[in-house]
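Written below as structure tokens is the structure these notes are about.
Labels for the chains are A, B, C, D and E, by order of writing; each one numbers its residues from 1.
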Amino acid sequence: MRDYTIFIPEYIAAGAAIGIIGIELFWPNFRKDRLAYLTALAAVAWFVAGLFFIGKDAQSFQGIIASDDFTTYFRLMAAGIVFAVSLMSANYMRTRTKTAAEYYGLLLIAGCGMVYMAAATELITAYISLELLSFSLYILVGYLKRDNRSSEASLKYILLGAFSSAMFLYGMSLVYGVTGSTTYSGIAAALSARDQAGTDPAVIVGFMLILTGVGFKVSAAPFHMWAPDAYEGAPLPVTAFLSTLSKAAGFALMLRLFGTAIIVDSVEWRWAILCLAALTMTIGNLIAIQQSNLKRLLAYSSIGQVGYMLISIAAIGYGDAQGGINATSGLLIHIMGYVASTLLLFTALTAVYNRTGRDDIAGLKGLAETQPFLALVITCALFSFAGLPFFAGFATKVLMFQGATTDETLWVVALGVLNSFISLYYYLMVIRQMYLFDPVGDSTRWKMNPVLGGLAVVLVLGVLFIGMYPGPAFSWSEDAAKPLFEAGSASGLARVP
Amino acid sequence: MVPLENYLVLSAIIFSLGVYGVLARRNAVLILMSVELMLNAVSLNFIAFAAYLDPDKITGAIFAVFVITVAAAEVGLALAIVIRLFRNRATSNVDEAAIMKW
Amino acid sequence: MTFDEGQGYVVLATMAIPLVAAFLLVLTPGSQKMAVRYISVVTGALVCALSIYIFAAYQVDGAEVQMKLRWVWIENTAFLGENGITLYFAVDGISATMALLTGVVAFAGALASWKLDYRNKDFYILYWTLLAGVFGTFFSYDLFFFFFFYELAVMPLYLLIGVWGSTRKEYGAAKLMLMLVGGSVLIWIGIFATFHEANLGTFDLQQLWAAGNDGTLSPTFQKTFFPLMVIGCGVLAALWPFHTWSPDGHMAAPTAVSMVHAGVLMKLGAFGIIRLGIQLMPIGAEFWMPGLMVLGVIGAVYGAIAALTQRDFKLISGYSSVSHMGYVLMGLATMNEIGITGAVLQMFSHGVMTALVFLMIGALYDQAHTRDIKDFGGIAKVMPLWVIFYAIAGLANVGLPGLSGFTAEFHIFVGTFRTYPVFGAMAIFAAALAAAYMLRMFGQVFFGPFNPRWSDLKDLTPLERLSGGILIAAIVVMGVWWAPFTDRISATVTHLPGVTG
Amino acid sequence: METNATEVLWWIFAVAIVGLSAGVVFSRSVLHSAIFLIGSMAGVGAMYIFLTAEFLALVQFLIYGGAVTVLILLALMLTRSDPAGQRESLNGAQMPFALLVGAAIMTVLIGVATATEWRPGGVPNKPTNIPLELISEKLFVDFGAPFVIASALLLVALIGAIILARQEEGE
Amino acid sequence: MGAEQAWLLAAVPAGFFLVLALFGRQLPRGGDYLGVLSIVSAFVLFIVVLVDFLDTPGKLGPVVNSMEWSNVGEFKLRMGTFIDPITITMFGVITIVSVMVNVFSVGYMKGEPRYFWFFAVLQLFVASMLLLVMADNLLLVYIAWELVGVCSFLLIGFYWEKRSATEAAKKAFITTRLGDVGLLIGIILFWRATGTFNIQEIIHAAEQGQIGDTYLFVSIMFVFLGCMGKSAQVPFHVWLPDAMEGPTPVSALIHAATMVVAGVYLTARLLPIFEVADGALLVVTLVGLTTALLTGFMALAQTDIKKVLAYSTVGQLGFMFVALGTGHPAIAIFHLTTHAFFKALLFLGSGSVIHATHHNQEMDKLGGLWRKMPITGTTFFIGSLALAGLPPLAGFWSKDEIFVALNDKWGAWAVLILGFAAVMTAFYTTRLFIRTFMGKPMDEQVHEHTHESGFVMTGPLMFLALLAAVSGLVVFHQVGKGLGFPGGITEFIFLPGEHPHRYHIDWGFAAASLAMATVGIWGAAWMYWGNSLKRSTALAEWNPGVYRMLKSKFYFDELYQAVIDRGVLGFSYLVSWFDRYVVNDTGVDGSAQVTGFTGGVLKYLQTGRVPNYAMAIALGVIGLTVAGLVVRG
């Protein structure tokens, strides 16, 4: 059946995108920051529209794209991210580009791409929406045309992206060849129907290539190498966008794909994801220690975060349906906390960057003197990353790890905890710059842009709320996780022990 | 008639050549060409599967259509970026495009 | 007095008031230094009063766990079942004693940092956050919140030391923070494993303890994860060889932080060993306690010997802390009632006396700006009161009867002799060494020919006297009339699993 | 069974494709690579005909043989880094490793292609015809959603290409 | 009010201590009158207790009064008092001597800085000593024991401006503390065996043989270590002579009544256990003999009058331990009593001298003071003779008792050794007296300014002289009866299970000990008469090695110093080094650095070149696929 109403929110977003581009087309000297606020407005509308979908029973479009709580979860998240990032960009972009409309349009479209990735229940759709997101990001990363680092970053990103998506496609072709279907349910059914499941090279290699594709998207080692360069080269708000939206989208895709389509052969891929997780978190955190550029540092730290999150994906493979719900809801709430903290951090960093124009760690020297509020905010965000109490990171990380703990995954969970301890070190090194040193140059207090300030306050409250009372967030996550695993879905089918 | 395996092996070879190209070449455009080779291999795969194994749904063929579309778009975008880089650096050599590292 | 919800709210208030104070301070403009000071001192007084009330109101002959208060936080979601995570506060004999300690030291510390001027607002914010964490840990009966507050107590240390510290502060701060968090990593792992193994869908400590007793946590599991828990907590308790943060950290820390840190935080570690080791994994405890005993003895002797030749006040106290926490671990490792009671007594005693010591060191350092004992001599001439206070602390440290140190150490020795006479003898010998390094320091600093360089040193300020007086009161009371403490502590210790009479 | 004309033809094409593709990645001249690419794409198109997917063959010829290659040639013209024409090697330092890796991947993939039993009942030995109307029906009915998304994708690509490639004053 | 309330004896001075310590600075004259008042009241209380005790119906039955203190499960602690003749006697000795010392100090310490502090600590000192002797359980004993130690630390280090005083105080505290380690271990060992700290119960258990022989011996030896430490027996004797750095009245108190006799008291108190534990008594005797002998030698070469007295104290303590070794606590306590009086007298006398000569205590600068200060001289003379053991003075009787008992118990060899010690005692005492008071003054201007002390100081001297003269007679049955006791002191003092022992003169021994005294006195007189040193110097030159050895007290201090510096401190430096460089730098920081270094290496994988990145991806693919194919067959 075809019900076009289930994507009204995305129509709003896309329409707004076109509209914004049109505005600049026909009204060239429209204030760029106003564009940003329009985008934020559109994001709000998008969000509000999305709210109507909470709790609606799942609907499917031809069985190739579904709108359920899972979709809605990421829909709202996408809207939120676009909202925050567009506000972040307002001043940043105005001072750096002549034409900003496409930028904001692309933000919105990328958001839609994320929603479709979460919603896709079929390989073609998943692939297309993934490419939609990627294309937007390629452009956004390279948006500062005159900036060498920006264009270099986007070149690296697109070349490697194309390469890995080719791998992804080949993997999908193999899976399609074996199962003769591209819908997740069809794949699941076919796989569980096969008697010689697990003995089949095509399945294994197909899974691995698919894993490569999504692994690249979420920047899991060893497919992570584009991330630091892209993060460093991209405009600061886009870096925030990369580290929140594209990661969340990648995990959304991964959850649905691995959690419903190929869950029945989880024995084929869970170990691989476990190893990737261990490798990723270790590499990310170890290298992060040695970074001097703030964006690069955060890139590596986010790679480390990805490592933790991958454990949950593996845990889905190791557990039964209930275990899947546990792991997924843990992962979802952690993504939420992570996104909130990251946006908070980048809001503050953007404010600092607008002032100092420096993106190295030393650029934060003495911030506690010149802008105590920002220093506090940054500290909150970093502590949240490190998983210290009162901030989102603590509660969400505990819930995620606890949800991901099974007999087999325990050792990686332990490694993850160890890594989050390592990460604390370089977060402290940043905090040290702000609090323990006197500012270089003028140590006079400066006022930050009220918009950024307001955004920061909102996000801080969010982070604290999730950290101190994660109950609601956690139950949303559970609701979002349920559609993937409830009876009748793939995980209900017989699976290989 | 020609069995399915032949097509698959052929696409495997093309794909691997593409991989080799990506790994070996230094010129951004050449890397893109290699990627195109890989994508070709993929669509060949899809169509072969569609024709042999999935005649009534032929999803593979549809997939191939999308792949071709995306590939074309990708090339366009990538080349634009290459040109952008060339304007900034007067080179399309990816080894030289490495100011960001470590 | 009957214990009911009302008292539960008292317990909650004891934890919450510091947080509220911290929040108020966030709102106060940093320029209002006096206002900041008043807020903090009032908070300290309140907290101190409440903790005394809790200690007094704990009924020895009542139920073991009293003053319960429970708010559901998350339940029936995903892997969390009934009472999955609850804000569950309650008090038993041990935590009552620890709460009293915290209250006293917190108040003393707040008074001691009155003269602090540089960014004192931020200082007090962190200070009270830390103390909220400490109280929370002592009161929590929910594993999640236990760890929540545990981390909360460790978190502010980095900035507190790094910003307001003195010698090699960055190094000290980073090292201390990292080692402590490194320890909590192990606890964290242990918690995940326990929750998974118990498979009750709840973090409620009492249910988990029950699981630990009836073998739901399998013996193998307990034997595997007990070391994790104990070492994790042990780092904070300066368990040898994970003690090295203690000398450096204390050397770097500002006065009040040293007081609270050595006075209270280190006790969190020992407390954690009781809660997460002895109570959660009795079988593992039975299996591993001899090992802990050995480490404790090593720590006790090692610390005392190392302290013999130190020249920095704080290093001396740092190492003596290692030595005394060694006693605590020994007491816990005896696994008999006397020993564990002694351990808790020692936690209290060491808390107050170390707080006093660091208070005095701070009072001197603020004026002299050196802590090398060789620089001093005949200080008794200019700072007689300072000398007397310090001497009392030092003698308590030495274990002089009539002061708290003796009470605690005596119980520990007795408990140890019951099971490990040889270790007990070594511990007593270490106590004699304590006399050696203390008197060495006294002789060097207090007495001997007066060094005119210090002729303009001022004696203790009234606030310092008050703050020190409180601590001395605690020291003397416990040294002379320790029944109130032993009654409360043993009331709980008797219920500990696997503890012999 | 006796080999018939189609088969012979297939083999000729297959060899040609492999050769041309190899040419793309091995040739010493950028332009030659481009030419070879056109060839190999055309060859793949021919393969589609063998697979009785004539429409896709058509698409292949138009888009690849036409648009893409033209684009590529254009790009090559625009990015001639050596007006003096001195030849810098087109291969990077890791070329030998690349050979190894390529070979490894080839082995894996060929192994998969041959070792896999694609259908329990065995694979039909001749492709079934892929009629155009079926494709259109599928494309516009069943896969409407991805089709829409794809249009958005093309739009994005278009915008991106424009704003990135557009000359700004001062360039 | 009666013997049950004996705890007041300790409580009253303790209370005065608090008052003086807190407010003494503000009080006029530093509140010295309060000090005297507190001790006098303690004395009065003693009389009350004594009277009450003497007419308790069950004659001389110990009076017990105890209360529950704390309990941890089955581990119950009771604190209480146990009053029996020994305690009563100790009360007497302590209170009387301390009254004298207090009064004396009023004169002696006048004008000192921290005058009030001196009196305050004096009260605490006395209080803790009284507590020690009345305690009914070893825990309380230990508590009082430690308090005594601290008070001695404070008093010996009273002149803390002098480095030497501080060092001496430290030495005293730490040396005794080492003994206390043994004491505490012993106490806990007894608890471990019997489950109680109560002295009587422990004794009972020991006598019932509830404690294994070896265990009993080991524990009692640990306890005895404590006693040796406090009573400065060899090898713990080193702290006592240095303790002379304290004000002289303090020395008097320490040596006569409080600190050092604690060990004797405790041993006497636990003597039944020593008797059960076989071999223990022999150890006690040997320790006593060694001490008496060695310190006798050491005293010969000392020229500081207080040092001489100090060594004589150690020697006399040795006598007491010998007495205990014979299994007769009564005799030991008797000697303790007499010794307390004349030794207090001697110290106060020397104090008077020092005071008069403006802190001059070197024999080489004194001499011929008798004429200048007749009262001090006379009293000192009496004291010396008592110490030397001439009848009918106090010392004679107690020493005589010891010899008799020793002969009965261990036989002649012991008597000979101790006899030699007694001869030396007489010798150096006489030497001391002659060189201080007789002959020609060695240093004229010191002699010029010397003058007799005021009555506040001479009064106590005279009173003590009286006691030193007559106190020995209480040993006689008739005297005791006359005083209202059931008999002579040795009859009065006996431990449960032991029979009262009535004194009778053994003329042979009496003659012998008289002979020893005279020999010693005559020898000294012959050598030093008229303060001419030619004979003694001749002797010294006749064998300089021996002389140097005596002069330097058998090198004990040097030996200990070496052990401490090389051994203990060296080890401490080693440990600190280990802690810094191995545990910390290698273990802790090292691991951190390794982590950082790994990161520093790994980051160079990030070359910034697309082909390398692609290579990483490809390798990842190969790794995954191959691993997958291998793992999954």
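Note that in this section contacts are C-beta pairs under 8 Å (C-beta built on N, C-alpha and C of every residue); 3 or more make two chains touch, one makes a residue touch a chain.
Keep in mind the model is a prediction, meaning the values are calculated, not measured.
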{"item": "Neighbouring chains shared between chain C and chain E, ordered by label", "value": "A"}
{"item": "Per Cα centroids, the chain farthest from chain C", "value": "D"}
{"item": "Farthest chain relative to chain A (centres taken as mean CA coordinates)", "value": "E"}
{"item": "Computed distance of Cα centres, chain D from chain A, in Å", "value": "31"}
{"item": "Centre distance in Å when chain A and chain B are each reduced to the mean of their C-alpha atoms", "value": "26"}
{"item": "Centre distance in Å when chain C and chain D are each reduced to the mean of their C-alpha atoms", "value": "70"}
{"item": "Whole-Å separation of chain centres (CA-atom averages), chain D against chain E", "value": "103"}
{"item": "Residues within chain B bordering two or more other chains", "value": "8, 15, 18-19, 22-26, 28, 31-32, 49, 53, 57, 59, 62, 66, 70, 73-74, 77, 81-82, 84, 94-95, 97-101"}
{"item": "Contacts with two or more other chains, residues of chain C listed in rising order", "value": "178"}
{"item": "Shared-contact residues (touching 2 or more other chains) in chain E", "value": "592, 603, 606, 608-612, 614-615, 618-619, 621, 625, 629"}
{"item": "Interchain pairs in contact, sorted by label", "value": "A-B, A-C, A-D, A-E, B-D, B-E, C-E, D-E"}
{"item": "Residue ranges of chain E touching chain D (in the complex, touch as defined)", "value": "609, 611-612, 615, 618-619, 621-622, 625-626, 629"}
{"item": "Chain D residues touching chain B - in the complex, by the definition given at the top", "value": "6-7, 10, 14, 17-18, 21-22, 24-25, 30, 33-34, 37, 40-41, 44, 47-48, 50-53, 56, 59-60, 63-64, 67-68, 71-72, 74-76, 78-79, 81, 88-95, 97-99, 101-103, 105-106, 109-110, 112-114, 118-119, 123-130, 134-135, 138-139, 142-143, 146, 150, 153-154, 157-158, 160-162, 164-165, 171"}
{"item": "For the chain B and chain E complex, residues of the former touching the latter", "value": "19, 22-26, 28, 31, 94-95, 97-102"}
{"item": "Contact set on chain A toward chain E in their complex", "value": "155-156, 159-160, 163-164, 167, 198-199, 201, 204-205, 207-209, 211-212, 215-216, 222-223, 225-226, 228-229, 267-269, 271-272, 283, 285-291, 422, 425"}
{"item": "Parts of chain D lying in touch with chain A, wherever the complex brings them together", "value": "108-109, 111-112, 115-118, 120, 142-146, 149-150, 152-153, 156-157, 159-160, 163-164, 168"}
